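The next part holds the structures, each set out as structure tokens.
Both complexes below contain chain A, partnered by chain B and then by chain C.
Now for the complex of A and B:
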């Protein structure tokens, strides 16, 4: 008989998203029937976004990968179903062969990113670590410059609890569009507004969030640092700074004043496209309507001066004493709750002859590094949690570099463009079919993920794949791989906790997470103790560390004039609410929304270029050209174009343009994706 | 043989055809050597009901044109249509035809499972493999067909399930097939289903 009762299990949305929502899965008859938010999650409070509520359609998607498959020749579309044994044997055989050929594991490379943010999804990195020294994509396309900037200024990455915003008088949403990309934050923002806070959105685009704000300030893309500088200058000239705070908690105020004073206000205004009234407004809000809570989005640091942009806003907050007090602070992203041991990464070879560590291949310049590193060359590429081919710059070069691989393995849910370009694809389980742990880069809650249903067809978790591979390698050659093949999922979870972490979560055992997510005991207000892990122990308005890394010691600087005459328009890559890059693209109902890629341009520019709404136009720069449908939008200014990067088209225009920062924390410079200069023409 | 006269399949032929389709959808024929295909063709040529049906004859004609070269793309095409890893071009799952999102493991899957339970049967890896994959439905039909007592259940299952979606499935095969063999099996299934329908109608159940 079919069962009439259902079971409820806990899950976490593992996507690269602010919310890291805890979810409840309802299962009846071994079938997932409903997914809801988890009311016990203190930040998301039982709500999901549209993507989250749609997970069933993702899990039971007809096109999910069902079996290990092999393709020959690569890219031909001629796929054969193979057994897991055959897949693992083929892969293990290649790993061993390459090791003997080169007497090292450097010809093996791993390229993993944020397709799944779970702790146990570090299994493949752990597996590669267990072999010895291998090659790996290192760096980060998302937040690298900002992470360095925060580090230079504060020495650590903290955020406040979102409830803290309720104490704010002024809220500045700087280059962030939470209505689309961080929906849970909006309830807190609305509540703060109700309690009297004024919300200012600073953005190059008149976003949905801007529409809900009290004030919108439209800036030129990348000029965030210039506007901050103008505001700082105004604050200085009108004594709006917090002298007491500056003396007690900052380092380098004197130097910064000296640096700012001679800079031209006019030039700053011209660079950010603002009037002095707008500058005065921001300065007075920061100086007189405190506390001011500033939230910085990720887009503003995807510029060549991206790190400087973030440092400039950090400085503004410090100058006005808006750090460490309830309702204040500069929020970007945090890592203080990531207190896991990451033991999964630390099963290193016991054989001292085998070198440990990685040979870094720049994540943002991967194609180039793949070709550069020839001693030995990379011959085996493992891709996981990553759609390399649609989410990379320099696509042609990348495809060329991939041709010299002898084996490409992709672990996936769907046949992405990257999987299409692989020799073997391995079907992965979703968060409804596996164990995991997830921490957020934004809020302070930790959630557990347990399996609800059997794996879809023959899919397996990455952890299971790593274990199988390790076991097989050791059967071929004793002690070849140190990654434990005999630990259960639960044992791996157990090893991620320490007593200190348990204490911080106020639990005695990880299984208690099955009753609900737990908040990590970190300060509710970032920098509440006003103690900073910088060399000076204070907020560094002048950073010797930055200077030593060939950067300006000050966060504030005017822009270099780098507009090109041939490509006078800035094309911004702004996320939309229904997809996360290439994820969620294949849901039929979502395909009805924004059916085809479009570019948004101001009608005045369209008129100037003779472009009709809805017509196909050409966008080009030195890297390539694309044809795309034009849509009019009054939300952008004359020189700014916007595209939602949920299709691979745009990559034809992208190369690697290094941002100023990123190496310090993430191991590689960010890619200045929002400095994409293009020209347009009607067809 | 008089081609204009439609024959009803006898039980033996029905069993044979269901078994053949079961093997086909289970992937057993993917590795069949060329010589064995010759033998299979000979058997098909002697199935009276199939031969009395336009689609059946069309299928056999297709297979008669088979060469070793046509065998090669068969597996790739079979996977494109029914297995993946690409977007499935002719889904072999009943439920995917019944909802907008085209998902598997839906209400129909459970209804099918209920039928199996009623007969004391269960698919292996339940919950991981959808019960309404054509392979399982065919296997279940074979089970029902083996006993005269289960005739009513058989007709009910056919009417409520396989016959409801298999035409759409065949249409997609016709549209997307790129190999002589998958197309032949698409025709053959279409023809055989027509015979099954007329048989059921004839029996007035």
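Now for the complex of A and C:
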């Protein structure tokens, strides 16, 4: 029996994941001894994934950074432990020096991403805002095209509660693999199946989720819009559309009909690689077996036509009246529960000379934008919540661009590839050593994160680092930094709430979250009032806004023929279950479960190329070349390759290929990561 | 009549997420590399290529436990309800049980110098709680069944890679993916 002398604290997994699990930490003698799920969380219900139970090994990992460190020369591996005072003084000194050199803060750049999604992890953005106008990576590599697409069609980003799927007759898992990336959803899907729903998976890969489905429809990568168009044509020709719904709740049905009528069914079928029987099957399920619930993954929008792909499926759901009713809808991602004030970002300098705002460096084309800025050039780079060097495109160019930095600071838990490329590394606390608040981009629960244990060795929270820097800068020069150095963590949390938000959570004070996560009071079924936030107030099958942004007003289109003769194969980068991008891959248990990185190809292609199973092959394109072990898989088609990304390896092949959308919502176009065209050869 | 308990593992529901394995390891704070439950991938021929299937196994709480027979100090007992209990206080760490078990279940704890295995969380069962793996499986794919009460329909006592059940008569049963329910592919 385990003894009962431990204390229990509430935490949230802050990783970039659908579930944003609330967790309980068990601490004894100031040491975290185990982590379990929080049964009070209404979506995850006390259940974690293997990564979550493994957090102990993350917190007490032998490689975890203990002290601030400085490396000279950069990249040499010659690290020296330094004190926090020295670290902060060096950084503050550089900030002041650069300000006087350029008479602006634009030579300072921040590159932050989703390594920690907590609200208080906006501290560094807040700190940079508090200096004045600075340079910043703006954009999003994940969901940018889809976010724009959803916005054009509905005007806001909403999802239904997962319970809503239990009302569905038809479930389409479109380009999503929840068995690997969203395990909590599977129980709801199984339950819906038990109640009679038919589950269809549409995907270029015969995924683990496809294998749990009733029907699998394999399409060519990026052809989601083409198959949607084929289905729409079939629906139109066979009167399977919902005329009443179309009249009452959509804008542009007439125009869309005129637009799709002349398009060729044969060509659509050829592009998606499917048969008319499959089209008929989907059309009849959508038109006759309602409600139909569609869940769109993020991979299908990482194409040059990614936003269009999402808009095409939105249109299909609208045409068949599968929006706003229990058990229907198109689910992608939501932002309606993120009702925080983001006050942490709003401590701006009072004098006009240092007017706030950012000089945007394209997140997805960061290497290029970093090099392009000349007036003034970027000389100081702060990297946090991400592993820039492994998770970027154009890595060689990026490394070159970084050479012109005078100071690179990385905040990290481990000496990652990025940390190894920095001058100063600051050790960060984990979610077991700090306060935070986390919402989800999928479900509707908000959880609080409290500290369980003191910071590991000399690690500090980002908020504390921001406060220390701000304080030191103001000691050097009065009123230099507006970021408050005298608010406590709890005061920062308090400022993130409004009365309206409290009401929506049915609490009177944020401390009540310590008793358990709360659901934000949003409708259980997305768009149940059928009042859309678009200019027309309806679902926009024809979008004037898209048109004004130089896009097709319709969400449906056939593909441009963009296959390259030299690089005829599409390499898909599919997420795998036991890590999140570069996170968790240094855990011993991950190394045990995970095999050597491999490329999966169809045996027919292997035969054609003379590649034996298990042999090393070359994958190459205009950006680079890698060697990797080949494995046979009947889960992909002849022209598609799949890798579960080992980013330091695979990103050598990646450049920035702009997707069609993303600027409107995220400030920059998405990167068409799944349009990666390559060729292969045996060694 | 006493209960006759055993694990019932539903391979049709299992998604191979390893949560059972790691939640158990975390709960009992096992040393690195030690597991009381393990998830393994089954050969594809089980349900026909290319359907992959996973099987989660722990101690099989056998009716004729080889570990118990092999233990020179009597550290193993089989409870009335069928749970095979290993008493670490009595264990001398000779590892004979680990060698005798056809499933390789008992493991050596290099820190305590004792053997270690799944206890079906009997102390939790005795106070009305579920074993950790049963409680923490996100797919409700692991159950404890009382074979005196229910004969699990469509369950089998052997899967590929699993040792011949006639040796120790394990109590673990498995539900295989329905052979007729092959996904329809377009």
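Criterion: the second predicted complex is superposed on the first by the 676 of 683 C-alpha atoms of A that agree within 3 Å, B and C clash if a C-alpha of one lies under 4 Å from a C-alpha of the other, contacts with A are read in each partner's own complex, and residues count from 1 in each chain.
Heads up, the rule we're going with is that a residue touches a chain if its C-beta (ideal position, glycine included) is under 8 Å from a C-beta of that chain, and two chains touch if they have at least 3 such contacts.
A quick note: this is a predicted structure, and the numbers were derived from the prediction, not measured.
K.L.:
Please work out whether A:48 is in contact with chain B alone, chain C alone, both, or neither, and reply first, second, both or neither.
P.N.:
Only chain C; A:48 stays clear of chain B.
K.L.:
Go through the superposed model and pick first if A:566 touches only chain B, second if only chain C, both, or neither.
P.N.:
Touch partners of A:566: none, neither chain B nor chain C.
K.L.:
Mind working out whether A:210 is in touch with chain B, chain C, both or neither, as first, second, both or neither?
P.N.:
Second partner only, chain C.
K.L.:
Taking the superposition as given, does A:587 touch the first partner, chain B, the second, chain C, both, or neither?
P.N.:
first
K.L.:
By the touch definition at the top of the document, which applies to A:396: first (chain B), second (chain C), both, or neither?
P.N.:
Neither partner.
K.L.:
For the three-chain arrangement built by superposition, which of chain B and chain C touches the greater number of chain A residues?
P.N.:
After superposing on chain A, more of chain A is contacted by C.
K.L.:
Contacts for A:275 in the overlay, against chain B (first) and chain C (second): which applies, first, second, both or neither?
P.N.:
Touch partner of A:275: chain C, not chain B.
K.L.:
For A:547, using the defined touch cut-off, is the partner it touches chain B, chain C, both, or neither? Pick first, second, both or neither.
P.N.:
After superposing on A, A:547 lies clear of both chain B and chain C.
K.L.:
Return first, second, both or neither, reflecting whether A:190 touches chain B, chain C, both chains, or no partner chain.
P.N.:
second
K.L.:
Touching A:85, do we find chain B (first), chain C (second), both, or neither?
P.N.:
A:85 contacts neither chain B nor chain C.
K.L.:
Identify the overlap between the chain B-contacting and the chain C-contacting residues of chain A.
P.N.:
Dual-contact residues (chain A): 1-2, 56, 588-589.
K.L.:
What residues of chain B sit close enough to touch chain A in their complex?
P.N.:
Chain B residues touching chain A: 27, 73, 75-76, 79-80, 83-88, 91, 93, 96, 100-106, 109-110, 113-114, 117, 125-129.
K.L.:
Which residues of chain C touch chain A in their complex?
P.N.:
Residues of chain C touching chain A: 13, 15-19, 21-23, 25-29, 32-33, 49-52, 123, 135-140, 183-186.
K.L.:
Under the stated contact criterion, what part of chain A meets chain C in this complex?
P.N.:
Listed in rising order, the residues of chain A that touch chain C are 1-2, 33-37, 46-50, 53-54, 56, 179, 183-184, 186-187, 190, 206, 208, 210-218, 274-275, 277-278, 281, 577-578, 588-589, 592-593, 633-635.
K.L.:
Using the touch definition up top, name the residues of chain A that touch chain B in the complex.
P.N.:
The touching residues are 1-2, 29-32, 56-57, 60-63, 65-67, 69, 77-81, 415, 419, 425, 427, 453-457, 586-589.
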